[in-house]
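Have a look at these structures, which come just after this line.
Both of the next two complexes hold chain A, though its partner changes from chain B to chain C.
Moving on to the complex of A and B:
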């Protein structure tokens, strides 16, 4: 058995490094071209375009309901399409469904793991999905019979190789989109548990995702610890566009086509953990680590209000489906609805 | 072999960059104008923005008291 002659191996290695160098040059050129294209199109700032728009007046928004019941930090919440029910999940391992008008708890499920970081309401209102440190996303059909043990009907849908950070049903109860600490996002068929599409491209944990709002929506955006926000085509699994932004992890994302404005104010030094737009998109609500909620005028780029109430970090924030209120969840174990 | 996986990673990155470069883009001024138009057109339906007549926002109503 003769080992390959040394000169031949050396040639192969040289060829390899030449190809690598060539590819590196090509990729640097492309990156440069992309930056150039983007810079050319950045002809104006959003707030300049919106100069003539009437400013917003004073806002009277306060806590209207406080939902108490979780035994530890609230990590995630989602609204039901009926605009009154809410599902929330907590570090205490519990997932609770609430009637936000009356503050009554309608269902409660104890998960086999703590840190239930993600939860979502099905479009029909008949099921909820949740997961976290168990690396899974499970679906629980909701029963009208309050005495029924929900855990018995549990269906395991998604399996990741690290924690589940976010989940969302698509347009129907049939499909779920998930994001994970394993760096991927995935689309699953709820009935069979089959993986329909996986989305690779993040270099680190993916922390959040949001679907494009249109009826025929086929795209979603994900944000991760690699400081990238990626826009994906759900059918092909391809990353259509990637934005490098923020100084640290992207904890929350809202579907907008391009970064046209940055909402910041020198006096805010705490991170924002969660964001959502009002119905018309004019207001942006941000839940912060300093326990407050800041309300921004999206067009003008100015802060219009700061809301107090929570006694610890705000970890999750969502506007209701018809835009009449928004709900926040906090490390202070409670949820609040604001209007 | 590490260099082989480097090679395929690089190839994938170049393909991805080509894809992103080919996406159609519009100027920020146009995008901004469209965003602004959307906001203004839908402003009247935005309860958190303009408020609603007293009594018609269920979240603003006080909870009825129950004797426990």
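Moving on to the complex of A and C:
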């Protein structure tokens, strides 16, 4: 014979579910209020404000350098502050440092894993950081001794529980910011490998990050598979703002409370893998999965130019530190500089 | 054909979205009114109906999307690569030719998206058909794959052969033209879904991402509490109207327009275009005489001035004249703490206290008492951000007071006056003469030399 349920426990359960429902309602109400507040302030569209701005003329940009040397898909690249050197990483596990101007290879490192999805140049130009399927971010000081094996001086800095998707030095060689497939971002002290701050809030893999230096402190933005772009305060670890947008994963992020403009064209069918702004912010360059680069007039919302050259997906795109060129990396194993 | 199982992962979603968009284009191309005009094409002795030329495809795309020929060729080329249009001559060459080469639309039954991913079973049946139909018709790589499949799905092999025979029997009852068309279509489908070795694999998705939404976030009370906290904070934050924010952005891009080399070129020339590094040489961190654009940029914002090593040096000189150089020194020391190694924080904080904050310190900085008290308390347990408030106070002091006065000072005005405006150097008179591209010392080299010298000293 079954015993009847204990009355106290039953009421406790009911109480819990009432509290949960209560919380959900409160959360939904606040979210609604937030949306209302945001909508109130949205008094104009970007292209309206930009009506009085002069349109752009004919645009001629070409491939100026082609860097060949990787044995498989190029996944990531970063510029050195000297405006001509770059570091690139590939599916074949190799990380190469190039003088993109002369196209010479200056350093090469073989990682213990394939799919090196992230790489970054240190602000001093004396080291590079990289990682991928090894779930780590490692820093390699760049030795000038041709005989020295760079891998010998390798320093393991970051440890995640899933693949490393992006990394970036902050203002100095001493700190590194990472994002991972484990849904978190983290800030690390390079010298000791200590975790300084972790950033939780994404509901799925975090794919990219970008720093937003400001007078009042440092923030950065991260984008992920949960279709959210989050703005974080590096000091407190808190998420300051969150943007929910896009139809699918956010592969790349570049800094601006709400979606300001959407850049699309009927004839553009394939997704964009990477974006960056020109120095003045007037142009937006997008590397696409159909091997092209589309150049957008940010203010007018129109496409200014389409650039051909790569023979497979463009996986990474960055404008050089002084804005004289931008570099793309592709699944066709090459990198190209455009100007 | 077997039932398709949905592939997991975000890349599947992305790929399907692309397929849908391509299919929209394809459907528009076949629209009875606005679509392409098709005609009969002769292939050997048979006439294939409803075919078009590569040139037709390109012209239609150019007209419909108002695009140039290069872009139309590219877009059309993608449609061929993804199998929506297949070539009748040279079926293995999945390329769109801008000439009279004949092409045909793939039937939706054989669209990659219809039964994706293609199954081993279906591939086995296809290869079996080819094998039965004409002994030796299988190519080398197909023979290899056939035997691999035979081993792997041996348990269903009877079914494979039976299906193959059944499909061949059904096709024999069709008209010759229809039969050829179906064979072409099927071949095109497999060339894409099982490309020959060495051929380009259009369906390469890269690394499959886990992307488990529901397993990560449990909608419990903690989750809602966090969401509520987040919303409360967000509601309390200051906001500006879109118009103000956007106008700010427009102003910013106008101000920096002349500094944007891609937009307006750079002087004397863009090194990437002219192979001449003069522009970089003239703008290295420390130069005897800076360029005019550079000095102008210092006036855009206080941050711009501080971000430029020469700007900082000039500003320091100015502050020394005003006997307030300790402010900038303090600010720099605080930056060093914030961005430096963990291990040296304690020692650096002590140094800063000794030099700038202690009563009677050599370079005492003037901070309000409230901030000073808070900072002194914090110093007892030093951490990376202990100087933040004090640093912020001094930063805004310099920004609101010293910086505007610096911009009006003779020091700055003289700098601006003697700054260089380089002559524009057009491309070489002899366009085919390639300038030698000089290499530059690696930044790592400069540091190595400096530390060598330090060691020797």
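As a convention for this text, the second predicted complex is superposed on the first by the 327 of 339 C-alpha atoms of A that agree within 3 Å, B and C clash if a C-alpha of one lies under 4 Å from a C-alpha of the other, contacts with A are read in each partner's own complex, and residues count from 1 in each chain.
One rule holds in what follows: contacts are C-beta pairs under 8 Å (C-beta built on N, C-alpha and C of every residue); 3 or more make two chains touch, one makes a residue touch a chain.
Note that the structure is a prediction, hence the values are computed from the model and not measured.
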Contacts of A:181 with chain B and chain C, given as first, second, both or neither: second
Touching partner for A:42 - first (chain B), second (chain C), both, neither: both
Contacts of A:339 with chain B and chain C, given as first, second, both or neither: both
When both partners are placed on the shared chain, which of chain B and chain C touches more of chain A: C
Which of chain B and chain C A:157 touches, first, second, both or neither: neither
Partner chain(s) touched by A:170 [first = chain B, second = chain C, both, neither]: second
Contacts of A:142 with chain B and chain C, given as first, second, both or neither: second
First, second, both or neither for A:86, with chain B first and chain C second: neither
Set intersection of chain A contacts, chain C complex versus chain B complex: 19-20, 23-24, 26-27, 30-31, 33-34, 37-38, 41-46, 49-50, 53, 61, 64-65, 84, 101-102, 238-242, 256-258, 260, 278-283, 298-299, 319, 322-326, 337, 339
Interfacial residue positions of chain A with respect to chain C in the complex: 19-20, 23-24, 26-27, 30-31, 33-34, 37-38, 41-46, 49-50, 53, 61, 64-65, 73, 80-85, 99, 101-102, 104, 106, 115, 117, 124-126, 141-144, 162-163, 170-172, 174-175, 181, 183, 189-192, 194, 196, 203-205, 213, 215-217, 225-226, 235, 238-242, 247-249, 256-258, 260, 266-267, 269-271, 278-283, 289-292, 298-299, 306, 308, 312, 319, 322-326, 331, 337, 339
Footprint of chain A on chain C - complex, ascending: 10, 13-14, 17-18, 21-22, 25, 61, 65, 67, 70-71, 74-75, 78, 200, 204, 206-207, 209-213, 216-217, 219-221, 224-225, 227-228, 230-235, 237, 239-243, 245-247, 249-250, 252-257, 259-263, 266, 270-273, 277, 279-280, 283, 302-303, 335, 338-343, 384-385, 388, 392, 395, 399, 437-440, 442-445, 447-448
Partner chain A, residues of chain B touching it in the complex: 3-4, 6-7, 10-11, 13-14, 16-21, 23, 25-29, 31-33, 35-36, 38-43, 45-49, 51-52, 57-60, 63
Chain A residues within the chain B interface of the complex: 13, 16-17, 19-20, 23-24, 26-27, 30-31, 33-34, 37-38, 41-46, 49-50, 53, 56, 60-61, 64-65, 84, 100-103, 201, 238-242, 256-258, 260, 278-283, 298-299, 319-320, 322-326, 337, 339
